[in-house]
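Structures follow.
Shared between the two complexes below is subunit A, which pairs with subunit B and subunit C, respectively.
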Partner chain A sequence: MGDTVEVAERVEAAPPGRPSRSILRRVGDEFLRRREASVLIVAVGLGVYFASAHPAFLTQPNLVNISRATAPTAIVAAGMVLVMVSGEIDLSVGAVYALAPFNMHYLVDYYSVPVIPAILLALLISAAIGFANGFITWVFKVPSFVTTLGTLNLVIGIVLVTSHAYPAPIPEQAAGRIQNWLGAADWSQLLWCVLIVGFFHLVLTSTRWGLHTVAVGGNLLGATEAGIRAGRIKIGNFMVVATLGGFAGIMDAFRINTIDPNLGGGTSIMFAAVSAAVIGGTALAGGSGTVIGAFLGALVLAELQNGMNLIGISANPYFLILGAAILISMIANVYLSRLRRAGRT
Partner chain B sequence: MAGNANGEALRVEHIAKRFGGITALADVNLRLAKGEVLGLIGDNGAGKSTLIKIICGFHQPDAGTISVAGEEVVLKSVDHARALGIDTVYQDLALVNELTVYHNMFLNRELVRWPLLSNRRMQRLARRHLEDMGVRIPDVDVEVAKLSGGQRQAIAVARSVYTDAKILLLDEPLAAMGAKEGALILDLVRDLKQRGDVSIIIIAHNYGQILEVCDRINLLQHGSITFDKPTSETSVQELTDLVVAEYRAARTRGLAQDPTPDAPRGGRG
Partner chain C sequence: MSKVDPAVEQAVDTLGLNPITRRRLLKGTGLASATLAASALLAACGNDNPSSGSAAAAGAGDFPSTPKWKFVFINHVTTNPFFTPTQYGAQDACALLNCEFQFIGSKEAIVAEMVNATNTAISGKADGIAVAVVDKAAFRGPVDQALDAGIPVVSYNADGAPDDPGTNRLAYIGQGLFESGRQLGLRALDSGLDSGEVVAFIATPGALNIQPRIDGAEQAIKDSGKSLKFTAVGTNADVVKGLSIIDAYAQGHPNLAGMLAVDAGSTQSVGQTVAKYSMRDKGLKVAGGFDLVPETLAAINGGSLDYTIDQQPYLQGFLPVLYLYLYKLSGGLLFPSETNTGLLFVTKDNVKPYLDTKTRFEGSSTEQQVVPRSGAIAHA
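This part shows the complex of A and B:
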């Protein structure tokens, strides 16, 4: 990360007319052509600003806070990017995020399933909800916005009915090692986040699945005519985002040490993930987006919330800034992609 | 040439297809010799697109048979038809704008060193193949969105040829294309003809330029082939007269209402 920023600064600093200029310029072009460039600049810029504004920003406990605010959003956003690139959206992922830890709790405490299998089963159920989202969207041709609006409410209903709207404790068998590994330890969430983001970045950019996801989102008819099974791709991506949502939910439950049925009605993490994806350069219309961009988008959101908190601005203007950030980043994306398209190649 | 299975790439017999109450194809008979370029023309709603979609395995016919290289086949899917060497280049371009040229060239047949794509190998092969075919583009790793209509069409054709297509269906290859771009495509077809290992059906609405490269012309009217002549024995004038005469005849009978809409294209339906 540091290298790239340095390059960008040097490009700006390079006086015109020097022989090295063209090389630097090419490097700068290459950097700007990457979709993650603008959001990386914003993320680093915010970091520098808040670090200079408040000495506590760069302390280890605060960095842990930021990592914990970034990780679940970025994990969900990684899946959201895949879904959005394939031309759909999943509004229900926050509800799955709320449901998964309850399922783990029910399985362990009422059905005596050991913790690890219970977690895996809870993830499997999450995946099944994702499958239902994809299936309804693809087979019945219901727009995913509507499908997942339905399942969002449905799943929230399941959470509230089965839990009677009361929080539940973390199952005792999970306390200790498992809980620490899966969210409670300082850096565990960030570790999972980096693994997951790295993995899905690779999936999107360097595998057939990723290529077909772009193809289906970019030109559905063309992709179908090329023999790509679009339904499979879309349903699969719905399953990915739901599974990641369930995983993030379980990790957050472990971290806050309770299973809460009222986590913002399940919508706040979904909106955060969509925002992160969009700020990171993912197009709502499908066909383009980056997982690393979404991670940086989640980092920007976390920095904003944390930094504003530190320097004593109340939490309320956060939404003002978030709203402005989404709008500005969308306008910048449209503008930058036009520049990229015009390209100096 | 009839009866000579060796020289025959494709034979379509008594194909019929209905969509609800609309008869798209009534009774279509068509043959394509090896290495031949056949022009399939017809007015809007004559059933051209439906016929193409049947030959490429997208639709299944209600009746009739299809033989590929003398052997009768039932085409189950686009993949199946493609496995038999039948490939289509659509007028609305099957390329994905967001992907690079070489990813488009290899779309759904990507070279993979599991689990990752072999991008370098695909780049190299795509570059060499496009050079072989005389398709000139800035580079294979630019996004297709940056290319002109003619270049995109050429890449789509090159893609089909590259994947060992034996029978190539070009759906309106010159639609919405300037003269220079059109010439690029026609040159490509001529090159392919010279090589002789591909048989081509060109579907066209506007037949002026198309005639230049076709060996034979079939006219599709109201769901059947009503005219079949070598290009040398016909002319644009004759074809135009046929289409217009049919329209006039229909009008005097009071039947020239709105032309039957083409069958809905799959996926968009």
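This part shows the complex of A and C:
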């Protein structure tokens, strides 16, 4: 990430007329042409600002903090990008995020399932909720906003009723190695996040599934007439986001060492993921988006939260400043994208 | 720097920024400087704190000169009006002792966000941390890490489960939660509750700042041996949603003998609901709850609530700062002490002064003032 920026900066610094200019320029153009470039510049800019504002920002423990605030949002956002690109939205993912660790806990502690199979089963149940979302949306033609609003409340209800709205401890069998690998160790969440984001970036950009997802979201009629099975694409993407939501929920539970029925009130992680996706350049209307952009969007949100906590802004003015900062960063983002497009022609 | 208007500088001081940020802000560089300046001015406008702008050359009072220590409060509902007096308390203590505080955490009781904020305070090298321990497992690691890093930590307002404080904090400053719930129940029994249905409302079941209270109330009712049917009902952290849940419950259960609530929002909603359906005339023997938000006080005055329990949130901000300061000042010799911030019943008999005076101590005014009192002090 840092290297790319350096390249871009060197392009500007290179004196005109040198033979190397054209190569560097081409590299620079290539960089700026990427949809993620503008949000990357915003993310780096924020990093530079906070690093100069507080000496602790770039210390290792604080980078761990930032990575932990980024990872769950980015993981959910990776799935959300697929759903949004295919022209739908999933409001229920935050509830699945809360349910999955409880399912793991029930399976391990009440049904004596070993931890790893229990986690896989919990993810399977998450996927089933995603399937239901997709099925209802596609077969019964209920707009996904409404479908997932329904499942959001339904699943929150399941969480609250089955847990008696009481937090549960992490199953003892999971403590130690599994817990560390799945979220508790310093960099484990970031590691999973990078793997997942990388994988789904490839899925969206380089596979038939990704191509079809873009086609279905961009022009549903055209895509169906071209023989793409749109229902399968949409349902599949709903399953992806729900599974990722469940996985992020399990990792967050491991990290904070408790299973909390109030994980995000069911909406906060979903809202963060949608914001990250949109900040990263995914169109709300469908048809275009980028998983890496969503990761950077999540990073921007995490930097803002962490940086402002660090430089000592209390909760009440925080929202005022956060709002203004989002607006300013995104105006910069849109402006940079315009430059990018102008550069292409 | 010299071109900066002193009023602006003073406003910026209220933000409590570190020197680099402050300098960049005053120079007008940096991405967020305009918004920061705007918010500082806003904060300064709405804030009459006389000492917030004064720079400290010597130490506070007779104390030796100290660095401007920064204490971080980790809270579960940062924007909830209940904690307004807590923030005033911390602010006043900081003004007194020439230190600063920051109030962060989660807006809607999301434990992960609180853990993030705690970790940020640790990596930002805060001089002391006060944390509301609303989960008995999640804060153990972060608090140990802070202690390992030499940062003193106290808990305030919430302190894990009744049988397990949940962290290795140095001390707890707040109400004895289980005991206060038991008192809530005992008082209801004393007020003539002897048979029928009793409901107790709780905004966020399982959250350890209020769950022990409802457990305590249930215990008291059970121990009484009377033929009472106790039901606990979850409402919502959002007061408006909570009100409609309580309203619906009251409609569905017209024969309630007692209505209790264990958090500020539910208590005010119980008061409103009792008044709305004139439940006093329909066999409701007792209604009571917690905290002193204006709606609750009005309901007590109007007779729809019998009593509410004050836990003095101002002290939950003031005392942690004091304790953390003294710990730092004395090199750890003055150890923070466990403090019960109180269990004061406010009833129709003593509600008057709460209604008549607007003070920082209840969060109803920002003004610094001396509140006069006269007459005998009530005692048993």
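Couple of notes before you dig in:
We adopt the following convention: the second predicted complex is superposed on the first by the 293 of 345 C-alpha atoms of A that agree within 3 Å, B and C clash if a C-alpha of one lies under 4 Å from a C-alpha of the other, contacts with A are read in each partner's own complex, and residues count from 1 in each chain.
As a convention for this text, contacts are C-beta pairs under 8 Å (C-beta built on N, C-alpha and C of every residue); 3 or more make two chains touch, one makes a residue touch a chain.
Given the structure is predicted, the values throughout are model-derived calculations rather than measurements.
Of the two partner chains placed by the overlay, only subunit C lies in contact with A:Y49; subunit B stays clear of it. In the superposed model, A:V240 lies in contact with neither subunit B nor subunit C. A simple residue count on subunit A separates subunit B from subunit C, and the partner touching more is C. Contact with neither subunit B nor subunit C is seen for A:L204 once the two complexes are overlaid on the shared chain. Within the superposed three-chain model, A:S288 lies in touch with subunit B and out of touch with subunit C [touch as defined at top].
Contact with neither subunit B nor subunit C is seen for A:M270 once the two complexes are overlaid on the shared chain.
In the superposition on chain A, contact of A:A98 is made with neither subunit B nor subunit C. Common to the subunit B and subunit C contact sets on subunit A is no residue at all. Considering their complex, residues 202, 206-208, 211-212, 214-215, 217-228, 230, 287-288, 341, 343, 345 of subunit A touch subunit B. Taken together, the subunit C residues at the contact with subunit A in this complex read 15-18, 20-21, 24, 30-32, 35-36, 38-39, 42-43, 70, 75, 78-79, 87, 100-105, 107-112, 115-117, 119-125, 135-138, 140-141, 204-207, 211, 234, 237.
Within the complex formed with subunit C, the subunit A residues making contact are 45-46, 49, 52-56, 59, 61-62, 64-65, 68-69, 72, 160, 163-167, 169-170, 252, 255-258, 260-265, 268, 305-306, 309-321, 324-325, 328-329.
For subunit B in complex with subunit A, the residues that touch the partner chain are 58, 77-79, 82, 88, 90, 92-99, 103, 107-108, 110, 112, 115-117, 119, 138-139, 142-143, 145-146, 265-268.
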